[in-house]
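Below you'll find a set of structures to go through.
Both of the next two complexes hold chain A, though its partner changes from chain B to chain C.
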Partner chain A sequence: MTAQHSPLHPMTYSTRGADPATAPAFLAPLDQVGAGLPGSGLSWLTDLRAAGRERFVAVGLPTIKNESWRYTNLRDLAKIGFRPASPAAATIDLLPTVRAEGQDGPRLVFVDGRFRADLSSIEGLPPGVELLSIAAALTSHTDLLADHIGRLAVADDRPLVALNSAYLADGPVLHVPAGIQVERPIELVFVSVGSEAQATSCHPRSLLIAEAGSKAVVVEHHVGRGAGTTLSNHVTEVFVGEGATLHHYKSQREGGGAIHLSHIAATVATGGCYDNFILTTGAKLSRNEVVSRLDGTDARTHVSGGYLVRSTQHADTTTLIVHAKPNGTSREVYKGVIGDTARAVFQGKITVCPDAQKTDGYQLNRALLLSDGAEIDSKPELEIHADDVKCSHGCTAGELDDDALFYLRARGIDRDTAQGLLIGAFLSESLEEIAEESIRDAFQGIVAGWLEEQK
Partner chain B sequence: MIEIKNLHATVDGKEILKGVDLTIRPGEVHAIMGPNGAGKSTLSYVLAGRDGYEVTDGSVTYYGKDLLAMEPEERAAEGVFLAFQYPVEIPGVGNTTFLKTAINAIRKYRGEKELDAMQFLKLIREKTKALGMSDEMLKRAVNVGFSGGEKKRNETLQMAVLEPKFAILDETDSGLDIDALKIVAEGVNALRSPERSMLVITHYQRLLDYIVPDHVHVLAAGRIVKSGDKELALELEKNGYRDFGVSEAA
Partner chain C sequence: MAAQPETVEQVRAVTEQKYKYGFTTDIEADVAPKGLNEDIVRFISAKKEEPEWLLEWRLKAFRVWQTMEEPEWAAVSFPPIDYQDAHYYAAPKKKAGPKSLDEVDPELLKTYEKLGIPLREQEILAGVEGSEGKSPAIAVDAVFDSVSVATTFKAKLEEMGIIFCAISEAVQKHPDLVKKYLGSVVPYTDNYYATLNCAVFTDGSFVYIPKGVRCPMELSTYFRINQANTGQFERTLIIADEGAYVSYLEGCTAPKRDENQLHAAVVELVAMDDATIKYSTVQNWYPGNEEGVGGIYNFVTKRGACRGRNSKISWTQVETGSAITWKYPSCILQGDNSVGEFYSVAITNNFQQADTGTKMIHIGKNTRSTIVSKGISAGKAQQTYRGLVKILPKAEGARNHTQCDSLLIGDRCGAHTVPYIESRNRSARIEHEATTAKISEDQLFYCRQRGISEEDAVSLIVNGFCKEVLKELPMEFAVEAQKLVGISLEGSVG
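Let's look at the complex of A and B:
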């Protein structure tokens, strides 16, 4: 383990777009809960929290002057006055799952950011695989946490990561030791309940570690069960070891009062593969950041997904793929459907470092606009510092094909069903990126449900 | 019975149909021939209900109902079928899914029970076999990667499955070699029945050797300028459309 708790990839310090005035609204409640956070005897953790707090005090929420936040404005969040969600024992029924009826498997459930042992199960995991909450791991697995937490998700240039670190208390930990293959999907369920009387916030942290030669499939569900305004500011750190494979699928279908902010930071060692797919259908405001770094040679990453938004929803997808070493492969296929006056943002950047010769990078973002008021802001970016690479990107926005729509209607299919068929067909290109069939089917079911509501 | 009376229609503000009159009785096959730009395809789109084709005058009465007041899907459910000149490719939508959705939408409209997967499969196997189509064509996305002949066969398959009362065949012969044309024509002829009427739109007489019409009409400059029996088609083949004030190098 590292004596000093240093990030793997230090970033440049920047205060561009800082708005420190927004910080107190988010940090004041911390003074009340701060002392009660678990693990207060661990110096690395108190340091990490203090550093996060200090950084957030200095910069506050990101503003649209920050290039990476140009299209997503968080200004109004500071006015809402969030309180940390109280760890209430809300009754939760009908937990989402990708499993067939009657099938069980490992699952951790977090309600408003806090672990709920009564709803969770670790049955069916191979021996040696560890799946537990951070709150528990702070007592039983301190070295594992100290070695990993805060090493990928760096607070310097990311105010929301700083805020998450300041509040760091709970979230899931998965540790798959070297050589172990976990066949059954591991489900991580995050439920926002909140309160109708008070806007609430939580800041869960996830830690996913797949050691050399191991394999695991993680499925995340983010759902809402309340009518109040909730803020989930989630940070995930992912370590994929040599020759390991981690499939990481996420469905965000929180309720209409939800604000969902997520930062996923992954590192992939030699010959490893990090496969990420995010399906966004929920929350009034969401931002999914995915940073995947190929830090070993011959590593692969897939960063794909779909976003389906309507009404006045705003969904931001901001990805960064860093090819740091030679012979890496990255593939990114995002498809979006935007209706009414909803707005989607796609910012996809691929960086190829000078060392990363023979890189093969592919990026595609296609958006389908269902109405005149719908908007997509798309910004693909390639930054290439090596000369022997193959990188391509494509980016389109369009409407439903009138010819196809008429053809279907001329065969007796009503307009809504015809549109549904065409939207489903449009999205299938990204859903096909999901390698696991059962999960692809489950996600297709979520899309079908969305289309049904569209009628 | 289908009665088209004094039908006027514009596309992008330009008048294309300038008073079409035509009556088609059950079981009859009518052919409409005419030079390019006469309004043949416009007529077929107006009858099928395509957006962008504005009817400015006249009426179309379809078995006592006002056809022009219906949405395209209602017309289809009422038994109107347009075999497209250029069948549309729809990536991502499987041919089988498409056919099943269509047939069940129409059955539902008619108050019939929807077909389950087994019943549908049985029906579709029967029809594809008769048309010499492979199962593989059903597995592909709608018309994607189909040859010209395969596309027209797919149109004929849809017609066979949906069993329309009134089929409009828009330039069904375009893009077909003689063998493909024969197969498609056989498929169409098999669907001729005393209850089903057809409107065959074509530029060339060739198709009418295989689908023999009861009546032939010449559409020129947005109007039907001459009507007759199948001999009229042969006459046109010989003399072209010059007699109708149209000079054409075809």
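Let's look at the complex of A and C:
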């Protein structure tokens, strides 16, 4: 794989409207923990942290004046006064999983951003496949990290990536060598515990590398245990090699006090496929950014998801697909359900670079509003610089179909059940994008649980 | 696609033309000194013999404008504009105001003949036939360097109580109406270019259709920038009172010049209960040459307010000219059951840039809007559709359908789509679709096989692509628009 330092399109992700005044509140705690961060002897790492810090000092949190953040306001975050979560040895039971009976792994567990070896296992991995924490890899796999970290998630135009880099300390590393197929899903579990007395923050970094011709399935669970206010500012870098396939599924069901900010940056080499699906049901405020770059010819990417929000939740999905090379295919299918006075945001952009002839890009976002006071803001965007392409997007918003509801009720099904059936059917269109059956079933279970609570 | 012989012939006729409106007319002009300050604003107001309230309004706008920043969000780029290096007032010199066409400078009339607006012919034609109702007559208000020079059919319209005149004349004769509605849709604080327009607008058209009157003919304005180094700042205000109907056409041209000229117009439409306003534009300002030198900067604010129940405002635009277009004709759907429509064809070739679209703001119950946008980008042009559909919480049963299609010709142009869709009412239904593709090889092959040259074939196919919008134009304009489509794409293939 060749290095690709490609800054993303500056038009949408400029730091215009940034607010440097918000920076100190987030960086002050770093002065206390900074020296204790792992890998302080590695110059590339200290440089990366320093650059992240410098950038964040200059720009602070993004504001709604920044085009990419116009619908998600982080203003109140600066007032909360987060402290870095202390690596507490909290007892964790009942971890979510998609594993079959009797399997112990592979699974890595992170509590408030720190690796928990006692809860993790690498059982079931084929030889050669590496799955470990960044903190451990900093001593054992220095070159692997140096070659990959910070290459895709560029801090220049993303304040939160900068902040993540400044605090970079831990997170999962997956390395699948060339030609290896990993059969079992690899589970990454992130638990926010926090504390009731103090709002806490963590900044995990994930690194997923699938070398040429390999295949793997990664499942991420983000859950909350505890009632405190927690901020998870997660950055993931994904490298998909030539002809490799990486399925990357994520379920975010953090607690009501959680703020979940995530940035996933992926690059796909020739003939490779990056398949991402995110199911959002948790957190009071969440933002999932997915940037998938097709940097080789004949590459494919699927970026899909579902967002189910109610009460006063705010869920933001922001995707950018960059077709940098010819013959690429991208597909996005999002479905959202918004109840009470919740608000959902969908911003999806497809960029086709001048070289990327024969691109086929498709995007769909459909939102269902369940109540007065619910809000959806959509911004599907096409930026096309090549002529021989086929790109389209569709976007709808509306309520449940009265006729369909009437049809079910006429057959003796009560209103709540009928609504549940229709919402389930509506969401299944996006869930069907999940290629792995066991995971599709697990995610469908999460949706069913959500609908049950909705009654 | 069946190629009608006459269509092919027509396309051939026009593809041999370049920008045929590129001539200047040598008419003595009354020009304000270069620069922009309060004195210039006072000068314009004094020239127009305006009442005190209007001068005050202009000055308020000017003071706000000085505190504003030029917008940067549009996907267009151009060197900074020196607002001090332009004339803000240029009027064809005249001895006294023309009372009829006969008094108009013959040079001017010749200009209009070249442009193909037969002001004079129409009057004669109507007179000969003696039955104006039968022929599809058009009343024309001609605006020359932002000063209205002639309005036809005035007498006939006055009989029905319709007011159609230059806005400067309306300020004198119907001050109450102007005062009531001017700035009521586009306030003087609205945006950089609109605010500048409020301060320095020189003329434009004013239309008032009284209650229950259906305007019997198309009303039309022809805008032309003639004077070098002038900005054109015209202002149009159209009010359709209860149950009224009006169809309004706007055409624009400018001579070829190497330097860029600024055009910052404001159009305000007000539709009361059951009223309908149909506003059609064929914008063919000078787009600059093949190297991207010269051309008009067309930074226009157009907005319609559907104030009354069951009112309707329909925008149709064919945008082929201008070096840079920055334009978003919008509808504020305030009255229950009101309807907003936006039909647009935008063609950019060579180095043209266009950032255009619409805003549909749904406020009232059962409000409906339709957006159909067809963008064609060729050469090294960049084009963006930027639109907003906003459903406010009270807009029960609101409905929107949007279709944006882009066609790319050549591999060095760009076509972008940036829609914003915001819904805060669950009973609202919104659908948005956008596609981008290139001219189908199959269609092109089919035409070529039948002996149609590549350029003619492209023109045919593009006309087909735009048909959904072009059919919304009044007949007389549709023909011209079809020709323009062909001319604009000249040199984009082969």
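Throughout what follows, the second predicted complex is superposed on the first by the 436 of 455 C-alpha atoms of A that agree within 3 Å, B and C clash if a C-alpha of one lies under 4 Å from a C-alpha of the other, contacts with A are read in each partner's own complex, and residues count from 1 in each chain.
Everything that follows uses one rule, which is that contacts are C-beta pairs under 8 Å (C-beta built on N, C-alpha and C of every residue); 3 or more make two chains touch, one makes a residue touch a chain.
Keep in mind that what you see is a predicted model, and the values were worked out from it rather than measured.
**Q** According to the stated criteria, A:His393 is in contact with first (chain B), second (chain C), both, or neither; which is it?
**A** second
**Q** Using the superposition on chain A described above, determine whether A:Pro354 touches chain B (first), chain C (second), both, or neither.
**A** second
**Q** Applying the document's definition of touch, where does A:Glu429 land relative to chain B and chain C: first, second, both, or neither?
**A** Only chain B is touched by A:Glu429; chain C is not.
**Q** What's your read, chain B or chain C touching more residues of chain A?
**A** Counting contacted residues of chain A, the larger count belongs to C.
**Q** State whether A:Gly373 touches chain B only (first), chain C only (second), both chains, or neither.
**A** Touch partner of A:Gly373: chain C, not chain B.
**Q** Under the stated touch criterion, which partner chain does A:Pro126 make contact with: chain B (first), chain C (second), both, or neither?
**A** In the superposition, A:Pro126 touches no partner, neither chain B nor chain C.
**Q** Determine, under the contact definition given at the top, whether A:Tyr407 touches first (chain B), second (chain C), both, or neither.
**A** Only chain B; A:Tyr407 stays clear of chain C.
**Q** Return first, second, both or neither, reflecting whether A:Gly81 touches chain B, chain C, both chains, or no partner chain.
**A** Neither chain B nor chain C is touched by A:Gly81.
**Q** A:Leu382 in the overlay: touching chain B, chain C, both, or neither? Say first, second, both or neither.
**A** The second partner, chain C, only.
**Q** Sort out for me which residues of chain A touch chain B in the complex.
**A** Spelled out, the residues of chain A in touch with chain B are 401-404, 406-415, 417-418, 421-422, 424-426, 428-429.
**Q** If we count contacts the way the header does, which residues on chain B are in touch with chain A in the complex?
**A** The touching residues are 48-51, 71-73, 75-77, 81-82, 84, 87-88, 90-93, 97-98, 101-103, 105-106, 109, 141-142, 158, 162.
**Q** For the complex, which residues does chain C have touching chain A?
**A** Chain C reaches chain A through residues 73, 75, 391, 393, 406, 408-438.
**Q** Contact residues on chain A for chain C in the complex?
**A** Touching chain C from chain A are residues 11, 67, 354, 357, 367, 369-399.
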